[in-house]
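In this document, chain identifiers A, B, C, D and E correspond to the written order of the chains, with residue numbering beginning at 1 in each.
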Amino acid sequence: MDKELQEIIKKLLAEKKVDWAIGYEKAYDELSTRPAFVQDANDTARLIFNKYCINNLGLYLTKFKKNKLAVVCKGCDIATVFELIKEKQFSRENVVVIGVACEGVLDKKTGKQLEKCENCRVKQPKGADFTVGTGKDSAAPKNFLDVVEFEKKSSKEKAEFWNRQFEKCIRCYACRNVCPVCYCPDCFANRTMPEYLNKNVDAEENKLFHMIRMQHVFGRCTDCKACDTACPVNIPLTLLTKKLAKDAKELFNYESGADMDVLPPLSTYNEADSESDIL
Amino acid sequence: MKYELQLKNIAEGFRKDVENLSQQKISNCYQCGKCSAGCPVAYAMDYPPSMIMRMVQLGMHDQVMSSNTSWYCVSCETCTTRCPREIDIAKVMDTLKIMAQAGSYKLSENEIPIFDWIFLKSIELTGKIYELGLIGAYNLLSLHPLKDIYPMGLKMIIKGKINFIPHLFYNPSELIKNIRMFKLIRKKDRERIYEKNA
Amino acid sequence: MESKVKEINIVGFLCNWCSYAGADMTGLGRNIYPSNIKVIRIPCTGRMDPMMIIEAFHNGADGVLVSGCHPGDCHYTEGNFYWRRRYPHLKSLLEHFGVDRRRFHASWVSASEGKKFAEVVKKVYAEVKDWKDNG
Amino acid sequence: MLKVAYFPGCSLSSTAKEYDISTRLVCEDLEIDLVEIPDWICCGATTAHITSELTAAALPAKSLVWAEKQGLNITSPCSACFSRLKMAHLHIEKDPKLKKEVEEVIGEKYNGKTEVMHLTRILIEQYGIENIKAKIKKELKGLKIACYYGCLMTRPAEVCVNDRVENPMLMDNLVKALGAEPVKWYYKTECCGAGFSLTKTEIARKLSGDILKEAKDCGADLVMVACPLCHSNLDARQPEIAKLIKTELNIPVLYFTQVLGLALGYNSMDLMLNKHFINPKPLLKAKGIL
Amino acid sequence: MARIGVFVCHCGTNISGVVDVSRVAKYAESLPGVKVAVDYKFMCSDPGQNTIIDAIKTHNLDRIVVSACSPRMHELTFRNTLERAGLNPYMVEMANIREHVSWVHSDNKELATEKAMKLMEMSVSKVRRSEVLTKMFAPIEKRALVIGGGIAGIQAALDIAAAGYKVVLVEKESSIGGRMAQLDKTFPTLDCSACILTPKMVAVSQDKNITLLTYAEVTEVSGFIGQFEVKIKKKAKSVNSKCIGCGVCVTKCPNKKSLSDFDGRLGPRKAIYTLFPQAVPNVPVIDRETCTFFLTGKCKICEKVCPTSAVDYTQQDELITEKFGAVVVATGFDIYDHSSYGEYGYGEIKDVISSLQFERLISSSGPTEGHVVRPSDQKEVKNVVFIQCVGSRDESKKRPYCSRVCCMYTAKQAMLLKDHYPETQSYVFYIDIRAAGKNYEEFVQRAQNDYGVVYLRGRVSKIYERGNKLLVKGADTLSGAQVEIEADLVVLANGLEPRKGAKEFSQLFHMSSDQYGFYNELHPKLAPVETAISGVFVAGCCQSPKDIPDTVAMASATAAKVCAIFAKEKMEVEPLIAGVNQLTCSGCETCYNVCPYSAIEMKDKEVKRGEVRHVAEVLESVCKGCGVCVGACYSKAVDLKGFSERQILSQVETATMPITNS
């Protein structure tokens, strides 16, 4: 499988179809991988794909967007690429998507498979230019059981829960930095005019940061779990990103990255939109 | 003119009492007279309905209570149906009757309260109306012992239209339940009226 | 525990063309409503940046009301349609973070609905008070 | 098959037995299942609502609760009972405080799920004029009928579902379907003074007299009613009224179920036509219906 | 550091009666940046404004907060004040402590004062973040559109044309004239309606500045003051411009199946018709829904008899698009349809007629040539009952308002009837007589004293049809008596209501309307002909019921307003529009997608030296300042002048802060 992947990229680079290829390579131990950026057709041998390739390489597309790129994508990462294309961060012609079949990736800290891989319906990538390997999609659709369970709590319990979580937050912004759709040139969190966010690190300010970030990525977040995995203090951000996915689906029947022709939910409207709850 | 308006009565909440008990906005009446125009018994009333509404607005408590108007209301609801201000005038008339009976006014009318009392007593004790008892008791108490006996009453009996034996509950526990219910209602009613009058 | 009237703080965002004018109409009709609402004038509910609402709650507002033109009446044709999409999503998200649903409301109040505006504020006040008193 | 809870009411078990019998006959013929409410108590009629609001709501509520439990709609041929049931239903629905009190007093919950319909609506609207037409055995040709609706089944407007308050047509349509001719008159919904029948009889006499006279003037052969109170005023008091207004009246007053029964082929004994004070048989014989 | 002045208005006692204004001013002084705070009786008065100007000069102020009434009322006034004082006019903010405080919180003066302080503080916070803005100008298309060819539209068009500007008058019927053309005589002078209207109609047709589009409707509107773009559908008349109005076609047309709406459906109307004899333009139209030729393909009689071959069956509807600088809406009214009154016979009793039908009956150009006869049997009448307030002052019919003209026209009709038929007797049932107008009360008195009309104070409960008479059952509440009248004819005084489709029409312009559908004026007293949409004015009964003199006055007022716009070289537009900070724009095109005016352009642009990025740019002349883009932008790169993120955020922060040291 790695061989096939390497050959495809080698060819793309050799034929000058792309300037850079973004893939995975082995890192410091057997359980670690890291992004690899390849410019030379003869340098492709280090590219690999295995169950520890947890990163969403879509993140790097916005950083390299002046070049023609090839990117190795798990099925789930492709949604990110499409979402970014929809947001005009680069054009489809400038990206070669190399889909890799994936049987689920593991969190090396726990050794367990990520929760999102359980009911994955894109183990066999869809919409890629090249596909390597074959995967078997899950029959069951994505479930939101944990979100539904959490929603049942009273608002007081919810607030207390998040306060506890965000007390841990050190505002390292890792979640933002690994988020493929957090590509704003100047994040609101850094602004001073107006100062949306106090620079103090305390539970309330941290919560404010996360609330605004979540609002900003609504309808764009593909629930790729990059932020959740990156968080050094284990804040369950997945509970938030999944909520976004659930709301987008339930309120506007929208799935990020699924359909290239549909505008993000907040960029459009329908005259027949629900009026319930409006006084 | 017969009356002089007592300005303090206007403020003293007779209108509010009637409004609260009937849940009708009497201040909304603008005296168009449509109720009086259509009332089939207005000819027999001391004051036509629209005038009663005005008198309630102005707090003319004694005149309203001593007039026969509400007692002559036959509850045909013609006024209610046609009122352009959406006031349920028939219900206001009911309320006035209820207030009159609960209060200590000299009723301009005793036939109807007597009839109602017997009527409801009959329901309390038998669950249904016992016509013969009803008519008999009513005639006795209203001092017209022979009213309607001849020829109509007699003919009714001949035609088998009137039962001699009252209906009874098949199940005695139902009877007890019924009497208990009436007791509870009376208690609640007292609370209701006193609460409003207080 | 009964909270004091004074302690309840509601921020209202009213669109200039319908709801702000409607609130002016409330004044012309002398309809009394709770004084807890502090109104911020915005050109259109489409201008309503969700961040501002999050900031309002963050800063300690007990309730937020956003009010605009009825659908189809927007001065800018379609601004309120965009708001109508942001509102349910934002409400749901805020609720997820523990902002009770009784604290955040939206309404349509036209320039002639002075009475309705008073009713809306009373309703929002009652809901926020209910949240404050009963959790 | 239509199935409804049946509330006959006090009058139908005494002064208006013929209405009860003809109702049951006709419904059996049309295969409408009338389930009589066991141990129903009086609706409170014209007295409860002027004595206490709570009594007026609590008495019918017992029957409403029973019907609701059975999952049935409720009907009564008597307009007074119908009106009390319907008004109780509406008042309880509108006034949560009253609802609470009523539930306390009767010791049961009422959810407002049952619909109260007058028997005319059950037969003419729910069962359907066309279906009735199909069952007619004898057309009532040549009979001029004044349909009299009275107050209680038409007013207030909330009660008068699917028909006009001021000029109801429900029974007129039935009469037309039966082959008879509905008389165009304007006293359809005037009050007969039923509430005062026993107490202020002079008023009942005057009002009923106006109605009978108008019916006569408009050329009606008979008056058709759907209420035992109207009937006793128009029929049993007719001789007194005639004497009072010094006019020959002699208009038979029939229940609509009796008229319908005639068209369905029942004879005068079945329908207990002999119970009426004004004997309808000569008229019906003259028209060739009996 | 900003130098802010705060001015608190008493508004007589409107504000000071509830709010402790001196406490508000005192609190203002304690706020950072506030150099001076004063309260004054009437801030908007000349001395009030001069106080502001003086304060600006003495304290060297650069920003102003006025705590007074609604900014919708006086924001412009105070912007001008600042300009006169040499400041940028956009450096003023208003705190609305009248409509939003004193008038609505009079139940608790303490809380009201605290709220007033807070609102003032919020405005101080906002003005502290205000920026200098420069005025913008836009071109004006000096052509007016008048919609509706009734007396209001006619008057407005004539007045605007007289000032030398071009006018397009659009009327949906085949002739102008409107409701007034249906009337016989007018109150309180009893002069003939046609005699005073027809000369005006002719003047319209002869005015070189007026283009008359009859049988036409406005279908789409876009743009804004100075630059409205309007689509007008000209329905096919099937008669072209060669027509000389001889009327032969109408006479010869064999198809008279339909009833004339103009005549209140009391008489027939041909398939080819003019509305009435004095129609302007006097060109007939073919109603394609009833014309035999259009239904069956046979007939063509009108084509054969036409001496100028003006009949053209092939004509098609035509859609034209025109530009206008201002619009006058004068779409008029309908009368209330009394078929919802069951007690008056559900509109089915033939001899119970509407007031407009009576006008047609008694008009000599009407279907009976002026003979008042019963529609049921064409017999003459003796006793006539008039019932007022049908569809007016009736909550149960959702028409609680007074229609203002019915008392007067009922008196007029009763008098006309007596004039024509001295042996008749009229009875009028009324609730209150509302005759507020010059010579109006005298007119109603004359009806009672000189014409013997019997006025009975009460609403009619029911009309019974008895034989060929109508039995009217009413009451006279003054005497407390019930009344029964045997009448030959009953005339209902139908109230006025908005035209059917008024609501949909108002949405074309995004005008607001009240719950009945009457269009809302901008201010009930001080801007009675303006609407919330600048450049769109309303005249006549589409705004509320009114009589002819009021309508004409209102129409002339709209004309003055239109001329005032056209007299300017260029249109001043508020610079409260969006702007993009391209350094922070991420080029996601969200703003581009949501902009209702397509005022955002996406460009590849060098934003930093050597860095070309895909970014948004606002087209300043197109942007209307709605701010939808600001609400949608994640990167916080778009902002709205006058309602910037900094301003609103500071308002939010202030609003949620407790009042200090109060």
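One rule holds for everything that comes next: contacts are C-beta pairs under 8 Å (C-beta built on N, C-alpha and C of every residue); 3 or more make two chains touch, one makes a residue touch a chain.
Remember, it's a predicted structure, so these values are computed and weren't measured experimentally.
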Chain E and chain B - chains in contact with each: D
Of all other chains, the one whose Cα centre sits farthest from chain B: A
Winner on C-beta contact pairs when A-C is weighed against C-E: C-E
Interchain centroid distance [CA atoms averaged], chain D/chain E, Å: 51
Chain centre separation in whole Å, for chain C relative to chain B (CA means): 48
CA centroid of chain A to CA centroid of chain B, Å: 75
Separation of chain B from chain D, taking each centre as the mean of its C-alpha atoms, in whole Å: 23
Of all residues in chain B, the ones touching two or more other chains: 78
Residue numbers of chain A (touch at least two other chains): 188, 196, 266, 268
Sites on chain C at which at least two other chains make contact: 50-51, 55, 78, 82, 86
Pairs of chains found to touch, sorted by chain label: A-C, A-E, B-D, B-E, C-E, D-E
Residues of chain E defined as touching chain A within the complex: 129, 583-590, 593-594, 602, 614, 632, 634-636, 645-646, 649-650
Contact set on chain E toward chain B in their complex: 343, 389, 393-397, 431, 457-462, 473-477, 480, 482-483
Chain C partner contacts - residues on chain E that touch it in the complex: 70-73, 96, 98-101, 103-108, 111-112, 114-115, 118-119, 122, 507, 510, 512-515, 520, 524, 532-533, 576, 594, 596-597, 624-628, 630-632, 636, 640, 643, 645, 648-649, 651-653, 655-657
Chain B to chain E touching residues, read off their complex: 28, 30-39, 42-43, 47-48, 50-51, 78, 82-86
Residues of chain D that touch chain E when the two form their complex: 164-167, 184, 186-187
